[in-house]
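In this document, chain identifiers A, B, C and D correspond to the written order of the chains, with residue numbering beginning at 1 in each.
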């Protein structure tokens, strides 16, 4: 049950395994799931959480597209991968900033997850820019 | 069965309906579906279509995240919406350029769809930049 | 911009085009988008819509998986397609029943869409059972 | 980075945490990612993998809808959750049977993942049936 090992088993990867990108995939996969859960938990709170529901839903959708695209290793386009990583960083930072305003365990966990995901996407992006 | 009318019925939209963004939503929804279909049709062709499968799959995932995010009208973040539109334009242009290389009906239809989707996302983005 | 024509252009489809299944694909694609929009619009209402948000979110996710699976024509598994159509009918009926309780335009539109999608999935399923 | 702990932090869960369902969520999340990766790796193989690409793509889409629906704890519908779990079991078993035919590391890993996901969905379903 390791998405990173799975990517390394792609027939064309071998020694060319991109560790920071695989790390970003793993965290974006988790962040998609955590944000989907946070949107649901927020809707069950008794205070007005509509902005948090919105931003968690956006972040979940974007993280999911990001991890699916960044997982693939067959003949991709570098500009597309870099662009989706950039959008993922944006969505995660905005979602984290909103979740940090709310004092409940699911928002705290979601904010931490979003910050980690943004960091990993940034490292993957830096690595891809260094190779360009 | 109109996603544009649906968006206009959001309780906070009213006179503030964003026509170019709603157009982009409709075309990104269709483009997600057409690219998913094209990836499948490409895998059934007897020639090597692996790059086309890859780019159609990426474009489908990104269009889907784009239309879901751009549909929402509750308390969103403008920078996130603009960033996902930008990524969608990138993915659509790259996918169209690849599909245009292949002489079969599904790739021709997919290329046309991707160019239209990119155009609509560009208009929506221009509209949002003009209001900033 | 026709997902039904797109499916008919798959290299192995030809005379074997499944009209009711293609109709179900089109409506499930729209229903995924309409339910995603309704969940967002419900979160902006001033009354308690949390059950409606939940069921629209579930229905959107299930419709999306359904249309993506039912679109593909390369070497599929009939039991999987039938099972996802069955789940889609269930999710649409439950979502429609909830939306029908709320007197606002987006819930009315969403309920109508869900009933149509359930009907089309039922016809596609009946057609597949008749061929079994 | 634990989707199970995240679910337990939903405001209405508390002592009512459903352990087998949370286990199914975790594995369906991973299975969605592993199958998406396997479809991509299969398209890069030099032998005909089109049936495996198809069934991995279907399984990825269905696992994703399953984990998103099964994660939510706000006011859900038991019949919808049970139906999507049933479809997920079907898709995972069919995908595993196909992957087991291919002697490469990504298909072996994907088959193992699919069998585990099917097992966990079955346990979650049994638990829900026992409570009905």
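Going forward, a contact is a pair of C-beta atoms (placed from the backbone, for glycine too) under 8 Å apart; a residue touches a chain by one contact, two chains touch by 3 or more.
Please read all numbers here as calculations on a predicted model, not as lab measurements.
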Contact tally winner between A-D and C-D is A-D
Tell me, please, which chain's centre (mean of its C-alpha atoms) is farthest from the centre of chain A? C
Would you kindly tell me how far, in whole Å, the mean C-alpha position of chain C lies from that of chain A? 27
How far is the middle of chain C from the middle of chain D, if each middle is the mean of its Cα atoms, in Å? 20
In chain B, what residues contact two or more other chains? 40, 43-44, 50, 53-54, 57, 64, 68, 72, 74-75
Chain D partner, complex, touching residues on chain A are 1, 3, 5-7, 9-12, 25, 27, 29-30, 33-34, 36-38, 40-41, 43-46, 64, 67-68, 71-75, 104-106, 109-110, 113, 116
Contacting residues of chain A [partner chain B, same complex]: 50-51, 53-55, 57-58, 61-62, 64-65, 68-69, 72, 74-77, 79-80, 83-84, 86-87, 90-91, 94
What does chain A use to touch chain C in their complex? 39-40, 43-44, 50, 53-54, 57
